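Chain nomenclature is as follows: A, B, C and D, assigned in order of appearance, with residue numbering initiated at 1 for each chain independently.
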Amino acid sequence: MPHQRYNLWTVDFDTPHEAHIHAIKELLHSRRTPYPKIEVVMTYGYGKALILDGRLQSCQRDEYIYHESLAHPVMLSGPGCERVLIIGGGEGSTLREVLRYPSVKEAVMVDIDRDVVEACREHLADFHRGAFDDPRATVIIDDGRDYVKNTAERFDVVIIDISEPTEGGPAYTLYTVEFYALVKDVLKEGGRVVTQACSSSLNVAETFSVICNTVKRVFGSVHPYHCFIPSFGCTWGFAMWADEASEMTSLDVDERLSERGVSGLAFYDGVTNRSLFCLPKDLRAALSREKRVFADENPPRLFR
Amino acid sequence: MPHQRYNLWTVDFDTPHEAHIHAIKELLHSRRTPYPKIEVVMTYGYGKALILDGRLQSCQRDEYIYHESLAHPVMLSGPGCERVLIIGGGEGSTLREVLRYPSVKEAVMVDIDRDVVEACREHLADFHRGAFDDPRATVIIDDGRDYVKNTAERFDVVIIDISEPTEGGPAYTLYTVEFYALVKDVLKEGGRVVTQACSSSLNVAETFSVICNTVKRVFGSVHPYHCFIPSFGCTWGFAMWADEASEMTSLDVDERLSERGVSGLAFYDGVTNRSLFCLPKDLRAALSREKRVFADENPPRLFR
Amino acid sequence: MPHQRYNLWTVDFDTPHEAHIHAIKELLHSRRTPYPKIEVVMTYGYGKALILDGRLQSCQRDEYIYHESLAHPVMLSGPGCERVLIIGGGEGSTLREVLRYPSVKEAVMVDIDRDVVEACREHLADFHRGAFDDPRATVIIDDGRDYVKNTAERFDVVIIDISEPTEGGPAYTLYTVEFYALVKDVLKEGGRVVTQACSSSLNVAETFSVICNTVKRVFGSVHPYHCFIPSFGCTWGFAMWADEASEMTSLDVDERLSERGVSGLAFYDGVTNRSLFCLPKDLRAALSREKRVFADENPPRLFR
Amino acid sequence: MPHQRYNLWTVDFDTPHEAHIHAIKELLHSRRTPYPKIEVVMTYGYGKALILDGRLQSCQRDEYIYHESLAHPVMLSGPGCERVLIIGGGEGSTLREVLRYPSVKEAVMVDIDRDVVEACREHLADFHRGAFDDPRATVIIDDGRDYVKNTAERFDVVIIDISEPTEGGPAYTLYTVEFYALVKDVLKEGGRVVTQACSSSLNVAETFSVICNTVKRVFGSVHPYHCFIPSFGCTWGFAMWADEASEMTSLDVDERLSERGVSGLAFYDGVTNRSLFCLPKDLRAALSREKRVFADENPPRLFR
């Protein structure tokens, strides 16, 4: 429909009546079954992109924004940590961020979909940058919920980096009070947790606010935050829980990054951390009104 | 923009303000340089499709309509023939139709783009159905104009099966009086010629009418005809020249197909032949008003 | 830049995975309730267009193709006629074509939707060209099925010019054996009937073939035909029944048009009539295989 | 089926290879000439929307985000003010925000396009909410540059609320060092200035960074800030200059809003103010690298 120069487009619906469209240069990889459909494409604007079941997951040119925002606040909001669990995280980018911390002795990544992980490993080297080959990394193909239910391992930090809760989708059961209770059980003392929490754009922010409230129900409190992701065309929410006060000042953040030997970040630092946690008034109001939680009996969904 | 179930679409512009869009299941092959960009995709509605520089060339499910319409009228409009020249025809489907005639001893196909021919040969077996392997087939990678200028070969039938005359495109010089004069020189006595002639849909039919008039200028007369191609969303024109009257009756066509041993056609027969050559009044009027010809000094273009 | 020239588009889905899109210059009229949604827009390519519930109904620049094809074959396939019934026909264009015949004493148009008729009368003067004001025209707002059930009037020709049989749509009950039986009852001796019969493009032609078979079931025979409509991007089917053989030659058609005082046609004449009735082999095959009929118990639908 | 629900779409290009699309319910107003093309439409997701020359300007459901972000930081970053100049601001929403301050004695709005102002006044009552009728409001139809060049009036605050610098567009000359120098001359002592500064989304943020640098060149310093606007699908930048330090704390902002009698804000408060001015590391880096300025000799443009 749009510019005549480009004939292939990917259409990413935010709601049934709104979408973001990107021109595609090349399709590098596609797998149609089983669910979800996997596509790795080359876009004109954002380099390589991973698309799962028609939804853009991350793009080469701006994935650092999402992955730094997901990993660093929770890594810094407490003492230095040795053992990290990543649930999901197929691209390997969250693994990459976690492995920036020299204190980390083991990072266990549990992803349900071997094909997604392998497609990323093969086609998205610009994303994982070798993280899968780090001797501290362990990749397990398993359902995240089964893993936390059955494992005897304990972790300082758990990072939940999964796709949206579309009905019947692979991450469907990983947004509930029942799941978070299992996650709580695998935390070491002083442990903390973060989950991606879907778009925080006001027109669709109900999913974000229910996830935040669900985390709060289980852990007693929640630190919601968000960042803007250009290729998504929206702000993206996260819900963190940490025992220690999350109100790190800019200086605290910059000092800890330095003390802990983390370098090479493009998006995250002390001032950025402040931008993440300062939510605007309307979004704060929406979060404070939220009473619902996701549970096995009230399963997660995308409000649109 | 469109249906939420499908995220990849190809957009095919008929004019700057109109397009046909198809959902894409998979991209099977793509080559971006040199010009033209080649894509072989799997559509939901029409099976495999060949797209050159963003323009749909033919689809698995309805390519027989175009290729039967291109090949059979000219093959039948005269005595049985032994030697056929195809200019263009990368998919191998025109070759396939020509080789249905047992009388054909050699079919020479001259296409400028080795990559297009190889992509079709590899990915579009449903199209060529082995025609490239027929011992009567000879494929030459060469510019069609150079070939007819230099060859000492003579042919009973010449079929010009090339892409649209986009400026700077590979087929740019193959719609002119100069080119048709060279084609005339390679015809044997009783020889005849057909060229694809772009959309005959009235909103863009100027290209068709100028091509028809150009053929007429060189050969003295022209038989314009057209058929509807579902995946293109428009009728497609052809310009034929044959010494013998083209006004074969339905019975003539059916008899000749039978006498010449041609079978297995899905679209073309006597009644279909009549539908091809009966142009509606408005299109006949447009053709009869046409005074322009394409020539090296007035190069071909797509009127839109 | 071309992509900035057009920001408003209308998307017309042929199937869930295919659509035709048109850039819109201006929206001239819109009514959202009750069903169907009415829009009169100015396009860049085809002038004014009537859109009902998102489906293009007819465009200023090429509506003559549809309306001449609908009206003239049935008007000519029998003796000159005095009384014509049009079911549907909101634009007034079918009325316009019927009133070209000086022999017509009364044309009764029965349309269910007063708002559609009034919107057309006000905004589509280029379509009806004053037909509504002709003293021979009578417009009745009523359900077509109720009208033919209850009227005592009898007609030489009945023309059914209604929208597609979308479930719950206004024309839903006007494609069934029950309805055609009622239509048969209002025909005078020597009377004949035609109905629009949806797209005949092979990928969606099942609706066309079932309608044809339904007409045949009630009337004993049917004359299917079709024409290509540029703004629709497809061929459009019609199903006619006439006692007299429909196999008028080109000469017959041209003579009758002349004898009956019909002039000013842009699309239809003897040769065009031949193009309408010569269906290609694949479509003939599909029609001949069709066994289904639409009935109140097997209600009409769009096969896609 | 969802794909049939929406047929009219507006396509808003961020770059030639990316766009945001919105389904349109109704077109409420359109004017095609002279430039710019004006459209007021009803969207499904964001209520009424103003579109100028194909670019979304503001939507009913989220325009408060843009307009509160534009007006309040500059209004609060200094002593209470009496006289405000708005350049542009056709919707009347900036006027509405300024008039929330009881201290304001006159707000002069200078917009070049009478048709835009009248269309907004008539169709966008939900936006201006009667601001045009406030006795403290003065609307002048004039070129903003001519106005500041010629007026003898002086202002406490100048707010530049104009469309993007598209070549030949109405706001083309209002982003240059020459223009800002004229603006500086109409400031009272202690006066301050803000301008909208285009998207701050990293893929297109060059325009933002050059505008910021241009403000800095003229005024000696600049306070860049931005907010996310859902209907635009991007963050939007602003460039403010104020003599007083802009580093108001959250508490300062909330106190000043209260002291100055401003109420009813949906987006802006102390915490939101912090979110506006905390730019992420990558954007800060881009701004700090910027050396270019827009000037009459190096005219503004949209980098894409």
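The criterion applied here is as follows: a contact is a pair of C-beta atoms (placed from the backbone, for glycine too) under 8 Å apart; a residue touches a chain by one contact, two chains touch by 3 or more.
All of these numbers come straight from a predicted model, not from anything done at the bench.
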Labels of chains that are neighbours to subunit A and to subunit C: B, D
Furthest chain, CA centroid comparison against subunit C: A
Rounded Å distance, subunit C centre to subunit D centre (Cα mean): 51
Interchain centroid distance [CA atoms averaged], subunit B/subunit C, Å: 33
Subunit A residues counted as touching two or more neighbouring chains: 1-6, 11, 16, 19, 21
Sites on subunit B touched by subunit A in the complex: 1-2, 4-13, 16, 19, 21, 24-27, 30, 32, 39, 51, 54-55
Residues of subunit A touching subunit D in the complex: 1-3, 5-6, 11, 15-23, 43-46, 61-62, 65, 201-203, 227-228, 230-231, 233-235, 265-269, 271-272, 274-275, 278-282, 284
